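Here the chain labels run A, B, C, D and E in written order, and each chain numbers its own residues starting at 1.
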Amino acid sequence: MSDEAVSSERRRLTFADVELGSSIARAARYAGNPYLPETATVVEIIQETPNIKSFRVRFDDEQVQAGFSFQPGQVGQLGVLGIGEATFAINSSPSEKEYLQFSVMQAGEVTIGLHCLSERDKVGVRAPMGRGFPVEEWKGKNLLYVMGGIGSAALRATILYTLEQRAEYQDITILYGARTPVDLTYQYDIDEWEARSDINTVITVDAPFPGWDGRVGFVPAVLEELAPAPANTVAVTCGPPIMIKFVLQALQKLGFADEQVYTTLEKRMKCGIGICGRCNLGPKYVCVDGPVFSLAELRDLPDEL
Amino acid sequence: MKFLARDQLPTLLADLSTAAEVWVPVKQQNGVVQFDRWAPDVDVELDVFLARQSPKENVFPQTETYLEYRYLMVCSAQRPEFTDQTREELRQLVESEGGEVVAEVPPVAQELLLVADVGGGSQGEPGLGSAAGMDDSAQIILGLRPCDARGLSQMDNVFGGYGGFYFDPYYNVRRNNTTIIAVTCRTPRSTCFCRALGGSPAGTEGVDVLMTEIEGGFAVEAVTPKGESLVERSVFEKAQPEVEESAVAAKQAAEAGVNVPFELDGVREGLKAGFDSPVWHDLAMRCISCGTCTYVCPSCYCFNINDEIVEGTGERFRCWDNCFNPMYTLETSGHNPRESKHARFRNRFSHKFWYYPDKYDSLLCSGCGRCIMYCPTHVDIREVLRTMSAETTAEKGEA
Amino acid sequence: MTDSSGNVKIIAIVCNWCSYAGADGAGTARLKQPYDFRVMRVPCTGRVDPLLALKAFEKGADGVLISGCHPGDCHYSEGNYYARRKFELLKRMLPHLGIEPERYTYTWVSASEAARWQQVVTNFVTKVGELGPRQGGAL
Amino acid sequence: MSGAEIARQDRIRELARQALTEGKVDYFIGWKAGHVPSEVIPAFVRNVDECDMLLWNPLCHHNLTTFLKRKMPDPPDARIGVCVKGCDSRTLVALLQETLVDKERLYVVGVPCDGIIDRRRLEKAFSDEVIDIAFQGEQVVVTTRGGETKELAYEELLLEQCASCDFPNPRYYDDLAGELLPQPEGPPRFPGLEEYEALSAEEKDRVLADAFATCIRCFACIHVCPVCYCWDQCVNRSRRPALVGQKVAAKENLMFQMVHMFHVAGRCPSCGACDRSCPVEIPLYLLHRKMNKELFEMLGFQAGLNVEDKPVFQTFNIDDALGEQ
Amino acid sequence: MRIGVFICHCGTNIAATVDSHGLAERAAELKDVVHTEDVMYTCSEPGQAGIQRAIREKGLTRVVVAACSPQMHEVTFRRCVEDAGLNPHLFEMANIREHCSWIHDDKELATEKAYEIIKMAVAKVRTAEPLFPNEVDVNKDVLVIGGGVAGIQVALDLADAGLKVTIVERETTIGGTMARLDKTFPTIDCSACILTPRMVDAAHHENITIMAYSEVDRVQGYVGNFVVDIKRKAAMVDWNRCIGCELCVQKCPARGPDYFNAGLAETKAIYIPFPQAVPKRAAIQTDYCRWFQQGKCRVCSRVCPANAIDYDQQDTYVQRKVGAIVVATGMDVFPWEEYYPQYGGGRIPDVISGLQYERMLNASGPTGGHVHRISNHEEPKTVVFIQCVGSRDEAVGRPYCSSVCCMYTAKQAILTKSHCGDDTDVYVFYIDIRATGKGYEEFIKRAQSEFGVNYVRGRVSKLYEDNGKVMVRGMDTLLGHQVEIPADLVILATGTTSAEGAPQLAQTLNISYDEFGFFKESHPKLRPVETNTAGIFLAGACQSPKDIPTSVAQASGTASKVLGLLAKDKLKTSPEVAVVDQSRCVGCWKCIDVCPFSAPEKQELRDGTSRSHVIETVCQGCGICVATCPVNCISLKGFTTDSLIDQLEEALLG
């Protein structure tokens, strides 16, 4: 295990690998200072639900903004200087060049700080991070998105991307549930998806609600009802842990193999670049090896979810 | 090989300190030996076997600032004349503090955010980091033991972006500028187990220069080019053959003093096989989940990142953290993937002997035994590893 | 009444119902007071964790004064009873931390005691002023 | 080792055996030898035949009450037998006062104690590793790894707090291991403070600044403290509220200890567990022992004496005569 | 975050000593401050309009007004920013007038200080969160515990106002002490004549339910939503059938003590306390009943025309949901026998308590209103009253004044004269005379001058029997000599004490009580009828000894407070309350222990663990729990620890 044993592609980086003056946002992996956030300005705030706001941010450095790209499913650290940083999925479409969108549910300190922001305020962004969904591999398959609550944020970019590339995929089904209609995010997307005939959109809420004439029922139950065929289908799910648990069970019942199911994980994260240690799942780090995992990959890892 | 007469040690230190900051083990007022800056009136303590903490802090400070920033606010709509004044002030600030104006947003609200990025730059490479902040002057650490040095070299992998992962400029600036002069152990303790991990009380991994105590002084070997140039200094005499002999004898004696309490082979497999084993509960029983073991460990490196701001001026810094901290993995929802003590306990050993090796082809333990000595309840890593490698055997036996 | 200003920084933590109102009364009566104290309002002395006073010292206060309703007059009936035990322990611990005892006090000033408020702050600020800024670094 | 000590040890084993046999407890916590004979560590005994490894001698410094506090027992609803010395029992009483441990699940063996050895002080007298400490009457025989032996007087090796112990007998127990010792007369003693108390404000400040600068925030003191009940949610680690700066520096470290001190006020009997666990040997007793001294002078209060009492800060007396202006 | 800071000149009140304009310029540098302005009078119409305009035009999300004391204008400005669409709690006042300009002279120093005060306010507002008042549905029913005159008054007032009221009375009839009195001072009108109509009113009121012979067993919930379990004690008589004919009472062969007559007489084992009882229903004292004790008799069952006797009756429990609770459990007479051995300790028959005498005077009492000696039933010629027995006497642990004894003694002295004739010698030993009510002093004067009652100032040291007389030995402190009076009857003006079981009731209700068992009001001056537990009120003598006028006056006061509370359909409570971060709470319950208002409660989570939860509508926002919680996981909205620390920093640094 000494240095000699190290094969050339697994060598350590040195300062020679570093791109001077750059932060992680500029050049992903081989960047200079991965801890240095790129400053960005909040250009628009959308109140999605009573406790979720979407922030559209633009890098202050136009060059960075123009050069930014990411894979659907990747995440970023959004921070307020003075309060801290937290991890959020980038949920604007990868083809959106004007801004990056993050949806933030108010939870603790940082998210409260973010919710206090006004348009034109400054944020720090470190992005993109982690591994996105293998959307290229999925080409030619049916896609089944199953999501609940704020889990929609993690899948939105992927959905938008696959819809933009609609011709590349077979049937696309979106099953989205929330506690009440008020808690449904991205109403503007939903309206559009429901209007389209080339996708199957199913929206459900947990319990009857005044004025709601749509579907009522928990996501896993509705999923079993829909009973999508597993053949040539990829299922992608994200939502609260309890929902994921039952969705996975339902998928298994429907005959989905572990390799056909993808999810994205949440763990407490700090550095976001696989150094600070806390987001490991056995030897894998959610921040660099994830957050996207196939169920097959998860089965091989220690159960510390 | 060179020779350094014992009475020449102060001369050497004085000499070295002209070129760099020199750190040596020093007995503190309360009798605890810790690494401290050398100065002419400081006594080097090489007799006490291990300093309480390894000099990990010299390359990976417990608290390290990433970023300093200042908010400046101007309200221009109210008083246009005021804006110019503040712009001027800001320019001066930037000049004096070396920061960077990162944003100016006219016209309604003039908000100026000044970020001074400290650190990250290596010497002579401006841009990455800037003038203020990071201490990247050369330092020499003398008197650490080979296990401490090995701990650093093990840590290098994660901070050095082994295998193309991320590169940590803060750590590496310091690491590059640090020269390590280790001293062979004279009286290893019952807690030492470096040999079980392929190390040695006279090991040279991560060492630039190795000094071995012999009659009248030290046998001195340069291990790296950095070491080579260091031993060029005139205080080092050319070694006589008997120096070499005594050095070999001293090293052998030291090796003999170190037990090999377990077989490394099978530990990783044992940990894997025994992940869900109930044995973990028993092993963790007397652990109080404090994390002292990780803070005295020469290779534990986990950290936390925090922001603190006062009056519009603030900083983002990292400070040591550890996997025994119950809040380490606590998610905002209240869910904690490692909620129970045994899960945290398991993580430490698995990280050192399974996860880290998987990722970085290196152990994360050099066998110094500090965690055994300073654990309030003397949890014994050797016992843990022994027990867990028995788990594979047990599994195999069953199969 | 001296109008002098030393260069000390003093925090006065006062309860909303009695002492803040007492201080207001002193203002309305134009009772001159020293410059070197800043009033921080809390609902009740029972809200005041002694750690808050320590925090003030840590942040560089040269003196801390806490004032609330007289015992028995607490707006919430019991707040100051709980508080005074803690305040007293703090008072006894501060010298132990290298902070001179004169730099901290707790007292009761009611809404009607404008003059007493004036006298309390004046005395306190004068005393702390005589000691000057705190030199220590431990806390 | 004196006859009394051996009798206590035998009794501990016997009671443990009994409790396990009767199924009164799932496991029994006592002390046993560590990896070298000079080291004593907490023992968790599940089987009757393991009871013989339990031992009692003046090295049994661990306050085992720690293992009873919230989120320590594994499984959480375990029925536990535990040994407590006088000082330990007071921390247990403090927990019982606030019903923070379930009395019903406990079986407490009280151990009268003649005093614990200050192992650290002793170790510093040797440059080599101390691997054996044996007790022969009033004498202590110390052996190092290199083979050196030395005989020292037991009395002189006692921990400062043990040399002037006010509670050699447990305050709370179900069964007693050995005879009760004579209860010392006179007011409580708070040793080891005089020298520090005599310093000027400036000197104190410097001493503290120096001492606390070396704290590494390992949290051993917090986690080992038996009455620190919220160790896994410790506010010192939380950013909500930001009571303590997360930077590791003298001021922040002292503030951190202040939080600990005020949080255990009225419940800490100065058992010394925190002092002994600090890897960098910070004199924490300077704070909590002093606090206890003041609480005693202020209200005549001593923590952890009777299960029916209430901690000082959770109650008040309208007639408290305190020193407010 | 976009903060606007408005700095007031207050004419010259501020501007004369503080450079408001300069401050506006400097404040603009503060973090997040995007707008500053100095204004002549911020609180004026144009001043407020200016703030609102800035909020709209500059998109302000927080506002600081540096002006006078928040006690003066906080409400004004909160309303002002609210009207402009901002949450009123995103506003903070910096007091630079009372706390700065008015107390300083040096403009430079004062300006500097004002700047720091503003900085503190900005720091505070920065951490502010929008807060919304809590709203809870209010149950409009009311429970009155105790059916004395106070309880009846509250019930009638509330019932008249349309609220449904339940009276829980532990005896078999309402009426309380007053029902046992003969005449009442200072008017000497017949007690029954004024009380019984009220009792009947209560009984017939469509909004009042009387639950006699019942006790409160458990109380859960909080203001607006209490759930009360009431125990209906078994009377062994089916009250739905009983018609109150008293046939059973007449035929019952067994006798038992009569609480109603204060032990002056006996009653039957089955009894109705007095003819005007409401409800007029019989109950069996099983301890004295032959059937229960000896297994034979059953006379009552045989004679009862309504077939109401039910020997197998059990206690039953009913539950009531109410929005408010009024406690009116009154007071009891001090058990003097245990404390005054020097007065014979109850062994001298002709030494009786004031209440017993009251029964003796009463025409419907055991003696038919005839005053006689207990020992020989002769009319007394010399009657001595001793005041302050069990009042104002540290020696028996009763330092307080019972407030009614002076007056009822005078009343009884006068009545003695009218019952036994003018020639009766009546002496009153007193310490002081407390006659503070309307017409009271005059009443005492009348007793002395018109009725010739001898008032002797002094304490009686000893009572003993001698030769068929009760010897009263005492000191006349005015004349300075020993006196000894051979009396026929001695009446002790016994003081009052809290009703039996009051501390237990207080614990059930979670309200405080003093060392004597009297319930504690929230504030003796400002909130005299409220308790610290929101929604629980006090009326009458259960709070402190009171006479009837005061009890009734207080009762009406209480009724109006209850009405005030229940007038709304929803209760709006201050949002500045404590809130527990349950993810960090460790369940040590210290908060529950220290909260004077019992606002925190244990709440079981889905995972089976319990955490503290502060009932927002009960919390008064004192923050005692905040300073107590060891995890610091309770924060007081509007006064979070972080906001205080931020303020400290602003005041101390820079």
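Definition applied: a contact is a pair of C-beta atoms (placed from the backbone, for glycine too) under 8 Å apart; a residue touches a chain by one contact, two chains touch by 3 or more.
Note that the coordinates shown come from a computational prediction; the quantities given were computed from them, not determined experimentally.
J.: Where the contacts of chain A and chain C overlap, which chains show up?
T.: The common neighbours are D, E.
J.: When every step has to jump to a touching chain, what is the lowest number of steps that links chain A to chain D?
T.: The distance in steps between these two chains is 1.
J.: Could you run down the chains that neighbour chain B and chain C together?
T.: Looking at chain C and chain B together, the chains touching each of them are D, E.
J.: What is the chain whose Cα centroid lies farthest from the Cα centroid of chain E?
T.: Farthest chain from chain E, going by C-alpha centroids: B.
J.: Name the chain pair with more contacting C-beta pairs, choosing from C-D and A-E.
T.: C-D
J.: Of all chains present, which has the mean Cα position farthest from that of chain C?
T.: A
J.: CA centre of chain C versus CA centre of chain E: separation in Å?
T.: 35
J.: If you average the CA atoms of chain B and of chain E, how far apart do the two points sit, in angstrom?
T.: Here the centre of chain E sits 66 Å away from the centre of chain B.
J.: Centre to centre, by mean C-alpha position, how many angstrom separate chain D and chain E?
T.: Chain centres of chain D and chain E, defined by C-alpha means, are spaced 48 Å apart.
J.: In chain A, which residues are in touch with two or more of the other chains?
T.: 84, 108, 121 - these are the residues of chain A that touch more than one other chain.
J.: Any chance you could list the residues of chain E touching two or more other chains?
T.: 2, 59, 594, 628, 632, 641, 645, 649, 653
J.: So which bits of chain C are touching at least two other chains?
T.: In chain C, 49, 55, 78, 82, 86 touch at least two other chains.
J.: Taking the top-of-page definition of touch, could you list the pairs of chains it picks out?
T.: Here the touching pairs of chains are A-B, A-D, A-E, B-D, B-E, C-D, C-E, D-E.
J.: Residues of chain B touching chain D in their complex?
T.: Chain B residues touching chain D: 28-32, 34, 47-49, 52-53, 62-63, 187, 189-191, 281-282, 284-286, 288-292, 294-296, 304, 306, 308, 317, 319-320, 325-327, 340-342, 372, 374, 376-378, 380, 382-383.
J.: In their complex, what parts of chain D are in touch with chain B?
T.: 34-36, 39, 41-42, 44, 62, 66-67, 71-72, 74, 124, 127-129, 131, 145-146, 210-211, 214, 216-220, 222-224, 231-234, 237-239, 242, 245-249, 273, 276-277, 279-281, 283
J.: With touch defined as at the start, can you tell me which chain B residues reach chain E in the complex?
T.: My answer: residues 71-75, 77-79, 82, 86, 108-109, 111, 310-312, 332-334.
J.: Spell out the part of chain A that touches chain B in their complex, as residue ranges.
T.: Checking each residue of chain A against chain B gives 1-2, 5-6, 9-15, 17-18, 20-21, 29-37, 39, 41, 60, 79, 81-85, 107-108, 111, 120-122, 241, 266-268, 270-271, 273-280, 282-283, 288, 302-305.
J.: Show which residues of chain A lie in contact with chain D when the two form their complex.
T.: Where chain A meets chain D, its residues are 84, 108-109.
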